[in-house]
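Notes follow the structure.
Just so it is clear, A, B, C, D and E label the chains in written order, and each chain counts residues from 1 on its own.
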Amino acid sequence: MDFKFDIIIDYAPYFWEGTLLTIGLSIAGILLGTILGLFIGLGKIIRNKWLAFPFTCYVTFFRGTPLLVQILLVHFGVVPLFLGETNGIVAGVIALTLNAAGYIAEIFRAGIQSLDKGQMEAARSLGMNYFQAMRYVIVPQAFKRMIPPLGNEFVVLIKDSSLLSVVATPEIMYWGRMMTGQYARVWEPYLTAAFIYLFLTLTLTILLNQLEKRLKTE
Amino acid sequence: MIRVDNIKKSFGKNEVLKGISVHIQPQEVVVVIGPSGSGKSTFLRCINLLETINDGHVYIEGVDITDKKTDINQIRTDVGMVFQQFNLFPHKTVMENIMLSPVKVKKIAKEMAYEKGIELLKKVGLVEKADAYPDSLSGGQKQRVAIARALAMEPKIMLFDEPTSALDPEMVGEVLEVMKQLAKEGMTMVVVTHEMGFAREVGDRVLFMDDGLIVEENKPKDLFENPQHTRTKAFLSKVL
Amino acid sequence: ACGTSGTSGTGGEEEELKELKVMTDAAYAPFEYMDGDKIVGFDIDVINAVAKEAGYKLNIKHTGWDPIFVELKSGSYDIAISSISITPDRLKEYDFTLPYFLSTNKILIPEDSDIQSADDLMGKVVAVQAATTGHEAMEKLFGEKHKDIKAFENNNLAIMELEKGGADAVVADNGVIEYYSASNPDKKLKVVGDKDTFDAEFYGMMFPKGSEYKADFDKALETIIENGTYVDIYKEWFGEEPDLDTLKAEQEASK
Amino acid sequence: MDFKFDIIIDYAPYFWEGTLLTIGLSIAGILLGTILGLFIGLGKIIRNKWLAFPFTCYVTFFRGTPLLVQILLVHFGVVPLFLGETNGIVAGVIALTLNAAGYIAEIFRAGIQSLDKGQMEAARSLGMNYFQAMRYVIVPQAFKRMIPPLGNEFVVLIKDSSLLSVVATPEIMYWGRMMTGQYARVWEPYLTAAFIYLFLTLTLTILLNQLEKRLKTE
Amino acid sequence: MIRVDNIKKSFGKNEVLKGISVHIQPQEVVVVIGPSGSGKSTFLRCINLLETINDGHVYIEGVDITDKKTDINQIRTDVGMVFQQFNLFPHKTVMENIMLSPVKVKKIAKEMAYEKGIELLKKVGLVEKADAYPDSLSGGQKQRVAIARALAMEPKIMLFDEPTSALDPEMVGEVLEVMKQLAKEGMTMVVVTHEMGFAREVGDRVLFMDDGLIVEENKPKDLFENPQHTRTKAFLSKVL
């Protein structure tokens, strides 16, 4: 099989732009997703079942349906409703954020529940009320435990953002598919895309491992 | 000081406390012993409402803490508790552990809380560890910090749940020493422990619990040397 | 050279030209496709010429095929040009300009294939682009949602499927598959037509119902056909003269 | 917004077929993925770095690149190489299996490493060699711990199989997209697809929870 | 029986054993005591090569087990080990725990292994638990099963690493009882323990380790009542 490097070089600038957009979308997704996810996670651990219900539904929906469906719904349904027109980048940020928030809410809940019950009891026995105990004792510790799974979610977002190519958001995979269209070739565009993704996810993983190590020694 | 009036507690179908009544005087040191699973921890936890009580009442200085109208957080500031597993806050330094509740709950000025903290750390012999994190302390040191942290709320009563049983044998002594000192200063204390030496030396009264009931109670010397009940005898023969 | 030809009423030299948002599925060479990050093609040249004539600026976006039909309706774009055949169904939901291109569906097959007409497709697997007239024609031929029809989100994927052996034929607009087989001789593909099965179709530019721009565009389109611009563009892309008589006849018919 | 139930009813038979295919593809993916994943997981924990290297690469590649890329590569690249022609269902099974195997290998490794070191030491101190200890003591316990994450991977596969719609494998999402194409409507097809997926993933989750509970009490 | 010859062991830069030499006679019961971190566990683990030794030799019945040519798995069948954390196999019943190694490693017929298992369970007083799973046993019972499991390989030497320190105080007795019995029957034993009563009653010799070295060794009575070394004195004053 002949592998044409020259067409990859032709497309290099577009892959570069796509890479920047992929990174941007993933960063936006992880940041906004964390904020929203914390809020939803806190909502989900409310003891009152009725108050917690909408949050539980949110998490169930976004974790229980394919991201592809979510992206199509957001792109063609939600964004035009608010913006009056579709916009691949806005839809990307929204879909990734909403999806990530569902997972991050669970990460947050797990972080809290992995804490020894004794921490809450010690805090309560010192006279703190539930909210004080959460705020000063539980949440700060849960946060630290959340860092590794949050990092993992970041990696997932980088990969998941490739689905935005379906709604023509010009990230890495979009250019890969354009290249396939232009040259009617398979291996060059998709392997190139695969290696860019691999580079991004591996770099991130290495950074995260170092961060984790540093946190552990602290 | 504390009046426990026929309290009952079940977990599901498992009745763990089957009607416990005790009267604890100010400055009294009560030691609770008994086999594993007999309900000692549950009893202690009922006194500061870490468990909801199914039936019966607990009065602390005349206030019924089982009454729904009572402010539990207020009550808990009067009842300090020390756990087997220390439960220090690992993300805060020793001093921050001690100051947290006085500052956030009692709204005491930071400087005052800090001074108080230093005083307490002196008492438990750990001033030099004020800025250390709990993970860098030995078990005995952790437990002494936990005691100082509980004392920082100026409780009227201190509850201890097997404070030395997670410790290496060498470290047991240093913790017991602090507790003895506390007893001497007149703190009202309820202590669940396997340390019979401590019970004998410091305890005013020993309760022997088995199967959710107080089977026997007496002065330590009398109970250890002259147990009345067969279950008490069986238990003591094993642990003494 | 900024092309204000005065058709847009009060326009002075300084006045900004009105910018229209145009949708296209740029995966349909030679009509509209990506050359790197630029959208090019016959359709693109035509609409640019028309817009210049009518006094508009264009902002052309590649959106994919399905979105064209969803979004034009929602009003977030003003116009779509994407080799869209004018069909009675589509006319119910959208407005079209006068036809600007004569097209018919044809069959793309490997050179050694024994398929000679649409009837030979029976029992063969056919790849199409979903929701195109080619797709409809195959459903008419095979039956709705027939197992042997593989519908892809764009034509490139359908052709790829044919090349990799997952389909025996691709049915799509003649312009596209003829261009493809001509520009990829190494792929050893050929195109066969079937006038009996596949009707002549005409592409039009598509607007939301009741669009205010339709009249301007119709007029400008007729102008560029008259003044030869259209023929130049056509020759540039297809290397031959357009069949203007058929096109004009259809234009008259659809007025 | 008017929501047209009649067009959903028109499409119901296709969604039904799509659902069956989705289920079939996910089951094939989880079964074959588990077999391949165990093999790769065992390969990855080999102490000899050189022998373990290809397995590590496998896991890195399949966890580090988007499934969409893998699907396109398998469909247009790998399957034609072996079968001489593309086949959406074969490609679906292969892509899902290869992808799942990467994750399952890690699940398996984690299952083994979560076991207390003491188990291995006790086995060795009883005179067992490394392979005996793995076979009789470590792997059986790791297996039991793998069941919950394997169940989770099954849920992931159900959702991920939606990406096969891009290569015209007629599963749920394919029909959803056909419906959009036919009626130029967004909400009906995608919400229908979303609810089918939600139904599948929730049902599976409930079954898995019950299984987990039963395993715990055993 | 066992000759330990100047062994050294480091974890990274941390030298944990700094040259340990001991000679253990057949049927001897050697008790090892010392503060936490002094290297007691590491010393035991070196004797059955759960740790690789950096320097020095260990001879078991004249065979140098540190020699690369020696079949470690063969040696290990001669050296039973009991851990602080029991390490029973939770997915197997008590009887399966006991039979596993004899059947798989020694290739003994299942019936014979079963009979042997019953005999051993009788010895540790747990025949009725043969078909129970470890999780349903108390700590003391678990540890007795662990002892039976180690004995099933018919070892010549038994190593115990703090076998009672993960147990509730009531259960310590039952485990020590089994160990005493074993000693009486003439098993060669090396026991790391904090149970001074046991050391005094059963031990032939006590080694006091500190900081990777054997600081002092003597008959239990002599060592406890008349420690020579200041570090020994300091340690004993804390734990006795």
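In this section, contacts are C-beta pairs under 8 Å (C-beta built on N, C-alpha and C of every residue); 3 or more make two chains touch, one makes a residue touch a chain.
Computed from a prediction, not measured in an experiment: that's the story for all the values here.
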Chain C to chain D, fewest steps along touching chains: 1
Greatest separation from chain A - chain, by CA centre: E
Geometric centre distance via CA averages, chain E-chain C, whole Å: 84
Whole-Å gap between the CA centroids of chain D and chain E: 46
Centre-of-Cα separation between chain C and chain A, whole angstrom: 38
Between chain D and chain B, distance of the C-alpha-averaged centres to the nearest whole Å: 51
Residues within chain C bordering two or more other chains: 70, 153, 160, 164
Overlap residues in chain A, where contacts from two or more other chains coincide: 76, 166, 180, 186
Touch relationships between chains, expressed as pairs: A-B, A-C, A-D, B-E, C-D, D-E
List of chain B residues in touch with chain A within their complex: 48, 50, 73-74, 76-77, 79-81, 83, 85, 87-91, 100-101, 104-106, 146, 149-150, 153
Chain A-touching residues of chain D, taken from the complex the two chains share: 60-61, 63-70, 72-73, 76-77, 155, 159-160, 162-163, 165-166, 173, 176-177, 180, 186-187, 190-191, 193-194, 197-198, 201-202, 205
Parts of chain B lying in touch with chain E, wherever the complex brings them together: 35-36, 168-170, 173, 194, 235, 238-239
Chain B contact footprint on chain A (complex, rising order): 116, 118-119, 121-129, 132, 136-137, 140-141, 144
Chain C to chain D touching residues, read off their complex: 65-66, 69-70, 73, 93, 127, 130-131, 135, 145, 150-153, 157, 160-161, 164-167
